[in-house]
Amino acid sequence: MSYVDYLVRRAIHSVPVIFGLSVLIFLISRVIPGDPVRLALGPEATDQQVAALRAEMGLDQPLPMQYADWLFGVVQGDWGMSLRTNNNVFSDIVARLPATLELTVVTLFFAVLLAIPFGVVAGTNKDRWQDHLSRITALFGVSMPRFWVAIVLQIVFVVSLGLLPLSGRLSDGVAPPPAVTRLYLVDSLIAGQFGTFLDAATHLLLPTVALGLATLAQVMRLIRSDMIDEQRKDYVLAARAYGLPNTLIEYKYMLQNAFTSSLTVVGLAFGFLLGNAFLVEIVFAWPGMARYGVQAILYQDFNAIVGVTIVVGIGFVTANFVVDLLYGYLDPRVRLEEG
Amino acid sequence: MNDSAYTTESTAAAQRDRDLDDPMVTVENLKKHFPLFEGIFQKKAGEVRAVDGVSFSIAEGETFGLVGESGSGKTTTGRSMLRLTEPTSGRVEIDGKNVVDLSDGELKRFRRNMQIVHQDPSSSLNPRHRVKSIIEAPLKIHDYGDSEARLERVEELLDMVDLPREFMYRYPGQLSGGQKQRVGIARAVALNPKFVVLDEPTSALDVSVQARIINILEEIQEEFGITYLFITHDLSLLKNVADRIGVMYLGRLVEVGDVDSVFGSPQHPYSRALLSAISTISEEDELAKPDRITLDGEVPDPREKPSGCAFRSRCAHEFDACAVEEPELYERGPDQVARCFLHDDRFEEGAEWE
Amino acid sequence: QGAQQTETTDESSGSDSTTTDQTSDGGSGGGSNDFHFIAGQVFGTLDPAEQVDYTQGLAAQNLYDELITVDAETLQPTAHIAESWDTEDEGQTWVFTLRDDVTFSDGTPLTADDVAYSLTRMLELQRGYSSFWLDYLDPSNITVRDEQTVAFEFNQAYGPALATFVQFYIVNSTVVQENEQDGDYGNTYLQSNSAGSGAYVLDSWEQGNSIEATAYEDYWKGWSEDSFDTFRSTVITEESTIKTTMQQGEGDMTDQYMGTQAYAEMDSYSNVRVPEVPQLQLFHFPLNCQKAPTDDINVRKAIAYAFDYDSAVNDIIGGGGVAAGPVPREMAGHNDDLVPMEQDLDRAKEFLDRADYSVEEINEIGLEHVVVAGTELQRQMGLLNQAGLNELGIDLEINPLQWARLTDRATSAESTAHMTNIFHTAKMPSPDSHTYLMYHPSSFGSYISQSWYSTDEIAATLEEARQTSDLQSRLEKYEEAQALIVEGMPSVYIANPPYRIGINENVEGWQYRGVMSFDWDVHSMTRSGEGRAE
Amino acid sequence: MADPILEVKNLHVHFETHDGTAEVINGIDFAIDRGETAALVGETGCGKSVTVKSIMGLLPSATIPEGEIRYKGEDVLSLSDAERHSRRGKEMSMIMQDPMTSLNPVLTVGEQMMDVLKWQGRPRLSLSKLVRDALSTGAKAEHRKRAIEMLGEVEISAPERVFESYPVELSGGMRQRVLIAIALLSEPDLLIADEPGTALDVTTEAKVLDLLDELVEERDTSVLYITHDLGVAREVSDRINVMYAGEIVEQAPTADLFANPQHPYTRGLLESIPTLSTGIGDGIEGHLPDYTNPPAGCRFADRCPHAEAACHEAYPYPRQTGADHATACHLFDGLPARERHESLAAERVDIGTAPWLSAGGDTHSGDAPGDISADGGTDQ
Amino acid sequence: MSTKTSIPFLDTESAARKERIRQLKRGFRTFAGNKLSLVGLAMILTLVVAALLAPYIAPFPEHAGAGVYFDQASEPPSATHLMGTDTTGRDIFSRVLFGARLSLLMSGIVLSIAISIGVTLGLIAGYLGGTTNTVIMRVTDIFLAIPPTLLAMAVVAATGASLFNVMVAIAFSWWSWYARLVQGEVLSIKEDEFIESSRALGSGWMRTTFREILPNVVSPITVKATLDMGFVILVGAGLSFLGLGAQPPTPTWGAMIAQGRNYVTSFWWIAVFPGLAISFAVLGFNFIGDGLRDVLDVEVD
């Protein structure tokens, strides 16, 4: 079996995953107590009103029927109405996903980009001060609640130092760039609006740090321990014996080997961040999907819960897929051995 | 289970006569083909014929040596015999039982009769288990006595392989290669198996340790009458330990015979090339071995075996017939056969050989 | 997140009065005089027929006009689009005469047809506050008498009608009808467009994030020099971020739903002021009168006497006063003979001794106090109650629930908790909502009526009150009902909390208007000084 | 005498382990002349790899409390990291012991060879060079050509394909040859080959040995060849150093050593080699001593069939036992001891005849077992 | 030549005991050789002792139970209140001490459940491979994608709101990470020769997976588990934020932080001290984890 076949098979396998996920989530959303209809209609609603909306939404039908209806709709792009926003969940998510995606991707990028040098330095200086310093810093990053970090960052960088903007994706009066991808960083560059790009970037800075600290720490620790393992490998000694520069050995030879196992975690982290960015989104008033998802949970907005979870699920699956792809790129053994 | 089943059988076994008419191990036309899969739905797309029709037998208490180039299928032969990989076809009879036919449960129970010692002592021992639990494992699996009896047996085995008893509490990582291999041997013989496959048991060790290990193995064999299949590519070693040897090339035995006959007059060009490459430390040996023969030419891909004789691409004696059909094993002495057309009376090229 | 659960429970009340019509010219001047409101929760809908919570009210208030409004001084219903009104058939039919100078944002005049259509639309959509009229008014009984006159014939004399019309916003019938889809009465269209006569016109709505609107130059009330050209509302839910936004001078006004401490803190910022006024709100614990052990009046009384009202008002709420019965004290129709409760552990013990249940039995059953998850005030109220009952030897289990779960449990007496934290703000300027909606059997099953308590006498009195068209006699009936209710001790009536918001120092003209969202009528406010105070 | 390219004097190497300090290398001396092939033989774990890694400066976790390593007369231990770095590759290069792990599994053979050509001897990455390399296709093509040529030289039959391959795609023997090719790319003056034959079957190993032979001939390279197979050592080397437990117990020209093995360990080792004619010996009973707690006297004493009380007490400094032959054994001290050894040896040893039995006192001076630890052993 | 040279040691019993002690010492020295692990051990011991002795060492033990003390609300740290008081006047130091109990217990229980499920499934999937692997791993993927909060709400809905149920719920979404981790490790370990050796001895798959493979995946599990100790506490905080965690007034660190976050600008101590307690525990566990990994690893070198 070639690597490509393997990937195709992986892709095919993700279909039942998404399907299973949707069934499970659908069940869960129906099992959770609380009456969404009453909530949607407000406290003054009469029984008659409640019954009417219930029927309209098909909530009076048996569960399998409800699921079948829902699935039928989903296939046609109709993800059901959000009880909270009265919009089609699909369009609600489409409106919010880019913000979350931008945040998550940049966060991941930031986390990995910083984790690499930290991990390499810590790993190649095991048990020296560089190692202790980056380990302790990393652990503090892991151990601090995200929203807490977010608030502290705001107090320090916005209130005290006045360096960065407080919240949102853009400053007041800065118009969003023409929508192409709806990722402001990308769109502003496409449109050549560098001012907007800078503004969007400065707005991203604090949320990214708050969100990414834990991931950064985890990835850094993994790279560290893998670098330590790699250091004992003969090929590293061999490369030294040939007189290759240390930086080349560390960042090209060892890192590529060491990074592969962190890759799984990075992939999982992407899905995780996608679904768990909400606390940071809340603190930074980031108009994203995670916040919407939590709202949906709180208000038992069935369709929205299912929709968001499925998008997150697709995120997970895609990330895992990309990880596999990268695996093959980074480590030919995977590519060759899958056969 | 009764302890007596395990108590060391008398050394009477040492008195056995190496009787090939009533062999301990018989391998008949053993084949192991590894399928190659392709495509999304894993369609079979060919196979590697790692072992392709191997037959030989070993008498009780005898050591049968298997040599050959790396990749020729020695390990696969040994593993298929013990059903560590399922043989594709063939018969393997050990102590009168056809191993290939055993059900899973029977096989598990039968394993106490057949064991293996691997080439690499480090990787064949679980790094997280202490020596004691490594050696104890087969005893536990096959319900050997209570914990006291097992402890006693472990101590006995450690004595047998000449390791201090307190090594019981060490981890493999704390042992040297030779010590680890002794642990491997102790584990393999813990249940007094009838047959042990030794897959290059000393190739990771240096000569002084190797000599010790070989001595231990021989002593154990003598005492308990164990039958060995000894896989190696060290010919000098084989000369010293084996009673009979088989030379493998690309999944087939190309020469089988009594060790002295084969070393004295190798009857297959490949055997001869092998013998010629032995490194020696004395002039005497230098003279005893054939002149250096360098093998040129491509080593064939085991996935696409060439027609006719597999060795012909590298053979200095190759002639037309070699490409047409595969030679059979020709009788070359009282206990020596070789798979080469040079010994076929049909072709006159045979003269070239002597 | 949690901070928002309370908000849904909050509706406002109002009373009749007249507002000064700021009829000055001006309108949107040059530059960017921008009003920035920080909303702690997401806007669910922009359709005024669906609005129930404060953000939706905020949108309706600024994009549309209501038929009747609330007077900032008297908190009573007063003229707005309806210039004057009359009743016929002994209060069964209400006739409204409309102003003639009101135009929609597309320039067309607002007429009786628009009013009739808008009310029909509410009754047909059956969303939002439609329940105010649904049981009493049939769409066929809405008649347009002429351009400026419209009449509603109710099934019976309907006393609270005038008060209910403060929650009735008028849409542009032509535009909405043009944009109807599958009989949705333009509901979809109004999610992304405004079609009203309000002071502002919707520019954009990024759902879950922000709303932007621009002043309508020809607004019938006219504009002053310092009026706001644009109105913007951003959703920020994290308290600390809201506070910082205000401190940085990036916001003009907050909502009223943050923790007490947040207002104290904002008050300390030099650029923010925090006005505090009494409001028409009750905070109480309804006691489930149909479930052991709170089905025993002596247990209920013991609980009520064990509670520390002073701490609740002073330490937790930090202002306002102890409640005297179900109706907020500032509301016309409050029975002033009722006196606030006080903690008295001795009497509590007395009642407990008299009860059918012993302390052990009560603990055996397990007394449950539901609070809305996530908010500080709610949690502290639970703790305070727990501390009081602890003195009696009763173990109280505090159970934080999400709002959705809470309303679900309120639908039956068995599932309703023994006591529940409830903020109840009148949604119209009438005591009806604090009596009929809480203690009339037809209201049972809502979060408001979690006492599950009524008597034939109470029910009859409340029905009579609704049918009384004379305001004074109607209020008397309500007072009578209050006395009857309090006898049964169906609730621990705790407080009438004050109303607080954070406002930028440079915003003037803000007034408390009694009913939810009316205070955020941006048109009535102006900017003093150069931009926001920082 | 010829000028030595490498001199190791009284080298000690220690490791800190969880059981205490492991004194792995305990004062070894040896030298390699230009163009000479020296062999280092000994049991697994006796410290061969540690020795050569300290020569290369590849043991970051080790401490060298004492000793000198002189490369072309220069004391490399006193050099800075950067200076040592610049000696690696071009001056001295090494074929690592295990071909399965000594190639980076995630880079193609070609990539690794090109890196050696590009970056060898440079202390750090420079951006300008990175850019220049990326731009100049000419240099790249030239490097590629050279690498493929080298692969061809080590008898790899399809060098282009191997150049593009990842290590996993190659057999053990091919990898071993790739390692050799990389080490040769730099055309070092000193090549250290750490058991380059272990992964190969006999026929292939024989070829590799031929290749190294050629190399020495053509380029006048000095080679330090490590093995535990005395048979191989005999074929490749001019001079053999026998190592036991971190000490060099015997050194002599190859022919001399085989003709006249002296140290009981050397003799034990020779006995252990399976031969075609004389069979396999008993091996040497016992185990290497614990490096964290080595015996005070001779490290081999516990396993030595001839050990005497003195062996357990005093460190046996190497002494000159022949013109160009040194042995670290107390048995060569005084005559009575020697006689004792002679009688014991007569019983056991069946490889050749001990030199002192074969008439004449010409092999050593008899009375002055010289302490050669300072320089005597190599200064011939 | 005889190989039956029994080592002329005094008597093997005591030699064996000595060897055992030597091994233990060796492990300890390795652990202790890493200064940070000792620090970690000290930190966690402190916490555990503090948790156990909370009723005796807390200055205001009654503040962990029902009661409000508004007269001393929101006081900054002082000699009486080492960490200040919260908005209902309760001594934060006392509550942090009591909070250690539930927080540590909760992490412990959640991780035990998650690890048992995850490791078992991961081992089985990785070792048996094929369809079993595909099914288990795809189910794992599904659980990975479900937000823990949501699962917690569902489990609570189905089984009733109790702290234990909530823990079970978190564990239910947590196991998937371990399953993935272990499965990956198993895939590479099962190719090792010692696994085949075990099969050659006649052991079945149960024995092979649990006795042979499991010990070899302990070290990555340890690392992940020590990191997770803190994460679980924080997830617990998120749940109590939704009203799903421990019921008031029972203190948990997570709930305390969640309560204090609105006061970061005014009464910073309310959130900071429980936050530091979490960081303290996480650091401690991780230092220990690093040390343990060295101990476990050293035998392999």
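Which chain is which? They are A, B, C, D and E, in the order written, and residues in each are numbered from 1.
Following the convention adopted for this analysis, contacts are C-beta pairs under 8 Å (C-beta built on N, C-alpha and C of every residue); 3 or more make two chains touch, one makes a residue touch a chain.
In this text the structure is predicted, and so the values were computed from the model without any measurement.
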{"item": "Number of hops, chain B to chain C, where each hop joins two touching chains", "value": "2"}
{"item": "Farthest chain (mean CA position) relative to chain B", "value": "C"}
{"item": "Centre distance in Å when chain B and chain E are each reduced to the mean of their C-alpha atoms", "value": "48"}
{"item": "Averaged-CA centre spacing for the pair chain D and chain A, given as whole angstrom", "value": "54"}
{"item": "Computed distance of Cα centres, chain D from chain C, in Å", "value": "90"}
{"item": "Set of chain C residues in contact with two or more other chains", "value": "1-2, 240, 244, 402"}
{"item": "Overlap residues in chain E, where contacts from two or more other chains coincide", "value": "1, 5, 242, 261, 264-265, 298"}
{"item": "Multi-partner residues of chain D (each touching 2 or more other chains)", "value": "282, 285"}
{"item": "Of chain B, residues touching chain E in the complex", "value": "82, 84, 107-112, 115-116, 118, 120, 123-129, 137-138, 141-142, 155, 159-162, 164-174, 184, 187, 215-216, 219"}
{"item": "Contact footprint of chain E on chain A as seen in their complex", "value": "13-14, 16-17, 20-21, 24-25, 27-29, 31-33, 127, 132, 135-136, 139-140, 142-148, 151-152, 155, 218, 221, 225, 264, 268, 271, 275-276, 279, 293-294, 297-298, 305, 309, 312-313, 315-317, 320"}
{"item": "Complex contact set, residues of chain D against chain A", "value": "53, 56, 58, 85-90, 93-94, 96-98, 101-108, 112, 115-116, 119-125, 166, 168-169, 179, 182-183, 186"}
{"item": "In the complex, chain E residues that touch chain D", "value": "1, 5, 26, 29-30, 33, 298"}
{"item": "Parts of chain A lying in touch with chain C, wherever the complex brings them together", "value": "33-36, 38-39, 41-49, 52, 84-87, 92, 95-96, 147, 151, 154-155, 158-159, 166-168, 172-173, 282-285, 287, 291-292, 294-295, 298-300"}
